[in-house]
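A short worksheet on the structure shown next.
For clarity, chains are labelled A, B, C, D, E and F in written order, and residue numbers in each chain start from 1.
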Amino acid sequence: MRIIYITLFYFSLLLSYASYATSVNDFCVADLQLPNTPSGYPCKSETNVTVDDFLFSDFVPRNTIDPFNVRLTTAFVTSLPGLNGLGISAARGDFGLNGTVPMHFHPDANELLIVVKGQLTAGFITPTKVDLKTVKPGDSLVIPKGLLHFGVNTDVGNAIASAFFSSSNPKMEILDYLLFGNDLSTSIIANPTLLDVSQIIKLKAQFRGSG
Amino acid sequence: MRIIYITLFYFSLLLSYASYATSVNDFCVADLQLPNTPSGYPCKSETNVTVDDFLFSDFVPRNTIDPFNVRLTTAFVTSLPGLNGLGISAARGDFGLNGTVPMHFHPDANELLIVVKGQLTAGFITPTKVDLKTVKPGDSLVIPKGLLHFGVNTDVGNAIASAFFSSSNPKMEILDYLLFGNDLSTSIIANPTLLDVSQIIKLKAQFRGSG
Amino acid sequence: MRIIYITLFYFSLLLSYASYATSVNDFCVADLQLPNTPSGYPCKSETNVTVDDFLFSDFVPRNTIDPFNVRLTTAFVTSLPGLNGLGISAARGDFGLNGTVPMHFHPDANELLIVVKGQLTAGFITPTKVDLKTVKPGDSLVIPKGLLHFGVNTDVGNAIASAFFSSSNPKMEILDYLLFGNDLSTSIIANPTLLDVSQIIKLKAQFRGSG
Amino acid sequence: MRIIYITLFYFSLLLSYASYATSVNDFCVADLQLPNTPSGYPCKSETNVTVDDFLFSDFVPRNTIDPFNVRLTTAFVTSLPGLNGLGISAARGDFGLNGTVPMHFHPDANELLIVVKGQLTAGFITPTKVDLKTVKPGDSLVIPKGLLHFGVNTDVGNAIASAFFSSSNPKMEILDYLLFGNDLSTSIIANPTLLDVSQIIKLKAQFRGSG
Amino acid sequence: MRIIYITLFYFSLLLSYASYATSVNDFCVADLQLPNTPSGYPCKSETNVTVDDFLFSDFVPRNTIDPFNVRLTTAFVTSLPGLNGLGISAARGDFGLNGTVPMHFHPDANELLIVVKGQLTAGFITPTKVDLKTVKPGDSLVIPKGLLHFGVNTDVGNAIASAFFSSSNPKMEILDYLLFGNDLSTSIIANPTLLDVSQIIKLKAQFRGSG
Amino acid sequence: MRIIYITLFYFSLLLSYASYATSVNDFCVADLQLPNTPSGYPCKSETNVTVDDFLFSDFVPRNTIDPFNVRLTTAFVTSLPGLNGLGISAARGDFGLNGTVPMHFHPDANELLIVVKGQLTAGFITPTKVDLKTVKPGDSLVIPKGLLHFGVNTDVGNAIASAFFSSSNPKMEILDYLLFGNDLSTSIIANPTLLDVSQIIKLKAQFRGSG
């Protein structure tokens, strides 16, 4: 009887594979050419998906955040399309001496920071609590969504950290870039921050803002 | 050394801006020309987004819900495309004398009703509780998703209310329109509602239903 | 005064219908020709939607899962496009004598299994608990997402069961198909499973795997 | 070397089981004695969980929805605590001659209706479309969340249907019970529905409403 | 026969009411005495719920945000427990002459701002775009989650605005309070913001910060 | 006038801090003593929260997964309570020579694997695709939720990898432990897997299963 099973099996397996192929949505690799949606990019056709859509091979120091002496590399959905719809991503920070990830927040992503080399002083800020920690290799620090935070290399040499995010495409809102790096006018900034006009002008010069 | 930083900074800022521009998804303004998805409309290209996509300038009395002597204006994603994917929207109701928002429910949105002018009697209905309140300026009333509710102007003049919803595109299911405003046949209506045939015919005439 | 109301009503109803038509998203029937997104398929234009998009008329025995003597029929979004975005779907299993739904799991869907005819022995497996039950007509069994489970016809005749899922497009990961039905090489399988090479080769022959 | 592995293995397995036991949240069976939360009931301690928390053995005709000649049985989280947090549940309807599930809606759950025996005429209602279908064994009908719907036994004998929901605890809002079964006053009902006072009084008598 | 139905009906209605009472979770009014959860507060027992849990009667000017000449009143879950789990809330801002809602962001809530009286200049800030608008009565402005924004009264008299949020308990992170109102040390602030030490000391004095 | 502002400011700031303290839910640190819920553990009282709730200082090799020559350490919510409700967590794997993370899947979490030292051969398995990659330091690999996967140290020395998950408490379902490490009887296993009885008995001995 087994032989009959086997024969049927070969035939029906084709059918069931075909049926599973259409009904299975194991992943949704981003087709970055199509317009984004609130839930992420439309999916590439499965026939065009390859394992390389899931691999990021370039976690080397890259974009400098000047003048803060830090370089950032990001594995977000736009460079690692297999992350699409998965709610996870990563970044690497390479800190020079006194290097600092400037004061910023991620409105849409929780972060888990892991120190790989050296030592950072890091923490997040709430109106009533300021929690700073010296974070070393083997330590990791949770930074909940939307809390203002920063990290400073307080080691005698370079430092390296990895950060993981609960979003495939987290936003990084850097205070100095927002306040001093665009065309927001000085008086508009002064009013809701109470910063001195001279301070604003000085930092606009540094961060290339106009207005 | 500062001068070198600054120089590098100008260069790298360009890079990092470019990099942030691709990785940041601050918002997803609806491209209303493309097909909707379960999570909302696809996003307009960021280069076509303007501040006017986030501004609704037309909160004036508009669509009359007759014969109930109420006019409704809605700031939903279809008229305010910046709301796309944000899970929030608003409406304004202008009530004439005895004006009534008819019995209805929003299956997909919680509501917060705020009286701006005059006085409404409003409430929601559950099988075991009927909670009516006289709601005045400065009051606001919560109406959880899917509960049958209504509002009547019980003031001596006109009344105005704002309503806020936990959806960018809330549905408003008005009982009379559903039961008497389409081509559902009288006998089909009578069976699962136990309404009298004469009552159904009378209201079909009023609400333009056929069938 | 009523006559005026009525007149206004006819006019304004047209307006409000038009306005509701644009703002209402009662459902999102899948346009299966467009690329999928993480939240489901884009919606068909409402003017093309018909009641048949919501009806599945073909719950008859269909794809055989051989050599397990079971036939499966699925009402997933790909055959019932009205399910798009709704997070629900169904399947029917027809079990021959000793028919077995092989060891599998649904990573993205909880399941509710209802026996319609006959008797199944079914259960799910955790590292510390194995919960087997004899399930009869009138019984239903919950199988939480991601738990390994199976079902065996332990009746003297055929058996029929319905299964319901908390996803519009649930995945079904069958162990034997994953391990022995593709081109994964025998040594690669042996290492992380500790299965004997002879066992792997035997099952690869049965499940048509290469490698 | 293998012997050492095995020894270590027995020891470490205990450790890893312990560690997995605490870190694994395979399911969250409802502790119905504790207060509910917006995401569902708190979980029973895993040591008190048994397979019976996942089994519902009582899918027999139960609560009569009078005077509609239909009996409903529900497998919701309150009777099947293993459903807690899983977003799925089921009901069974037994229809007598002309039996009718009265006009109602589920604000928080999509529905998949499957006819098991006999024949139902069923459908859902939108302001512009009324989609009625005769649904027979082997057919299933999708009813999206919040749409007004009903089902009538149009067979010559009894009929049975199963319904599946995308919620562990779906609400069923029956129009007649909401409008005529509580203490909402007749005049309050008349105003936002335009039903005749005599009609309301008649149905209040039938549905035991006061006010 | 009708009389029998009615009799049965009275009896069975009791049963079905009881059954619906346990299975229906129409709302989840916060029990603020119990510990919060990630999805909101546990629900008050339904027998203790009253209509007043859904009504907020105190939308009058309240907490002053000094020295910015603005008063804020919030209808969040902690003062309006019926909002629990509903993902919506509201606030009212009363602006004196030149009154300003200081630079802030809501990491967990989208906002819809509606001007009730007077005129505000408001906008949100991104690294590449600054979108300011003069917003008047009848206008409303969308402010997506996590974007830095502010509002200034640019009318000749007082101004009033309502704001609606896509969270029952939105956070308001005010830059000055975070940077200058706690015990974060001056040098720690200076490093990741590049603000001058003298500026920090001056604002710490104004915002009561130590450190 | 400034002096008056300041005075008011000190007074009102107390008020607004108090008000913000109650309305702000910046985070929800797990109170592990209370029963879990479907959305995570109830929150510790904010007054008991310290920065140490957000810090994990113990990312050293720990639980051995024998006989696979791999040690795993997990920073999940049960050891890092600040992760509660945040949808993110991490693990570290230390691979000995030929060390292998055995065939497993995470039904509720997407994974991002980053190789820190050495070289792994890793991949995930679908019915139609097997995607294996050699992953080196600086590489990272995406493993979507529910896909069967494994990792083998193919370097000449030890290897170290970090893994990040889109869940605060991800499940790890190891095939061998599920099939051979509990009291599931040999015949029950054989039927839905088609494994030979002798193979099952051999692996039950190795994985300490009974039955």
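Throughout what follows, contacts are C-beta pairs under 8 Å (C-beta built on N, C-alpha and C of every residue); 3 or more make two chains touch, one makes a residue touch a chain.
Values in this document were obtained by computation on a predicted structure and should not be read as measured data.
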item: B-C or B-D - the one linked by more C-beta pairs in contact; value: B-D
item: Degree value of the rotation bringing chain D onto chain E, based on Cα positions, nearest 5; value: 120
item: Euclidean distance of C-alpha centroids - chain A vs chain C, Å; value: 34
item: Cα-centroid distance, chain C relative to chain F, in whole angstrom; value: 27
item: Centre distance in Å when chain B and chain E are each reduced to the mean of their C-alpha atoms; value: 19
item: Multi-chain contact sites of chain E, meaning residues that touch two or more partners; value: 20, 24, 26, 34, 37-39, 67, 126-129, 132, 145-147, 171, 181, 206
item: Touching pairs - complete list by chain label; value: A-B, A-C, A-E, A-F, B-C, B-D, B-E, C-D, C-F, D-E, D-F, E-F
item: Interfacial residue positions of chain E with respect to chain F in the complex; value: 34-39, 63-67, 69, 72, 74, 76, 78, 169-172, 181, 206-208
item: For the chain A and chain F complex, residues of the former touching the latter; value: 17, 20-21, 24, 26-27, 49-51, 54-60, 75, 80, 82-83, 86-90, 110-112, 114, 116, 123-124, 126-129, 131-133, 135, 138-147, 162, 164-166
item: Chain E residues within the chain A interface of the complex; value: 67-68, 98, 100-103, 105-108, 125-130, 132, 145-148, 150, 152, 171, 173-179, 181-184, 188, 191-196, 199, 202-203, 206, 211
item: Footprint of chain E on chain F - complex, ascending; value: 2, 5-6, 8-10, 12-13, 15-16, 19-20, 22-26, 28, 31, 34, 37-45, 84-85
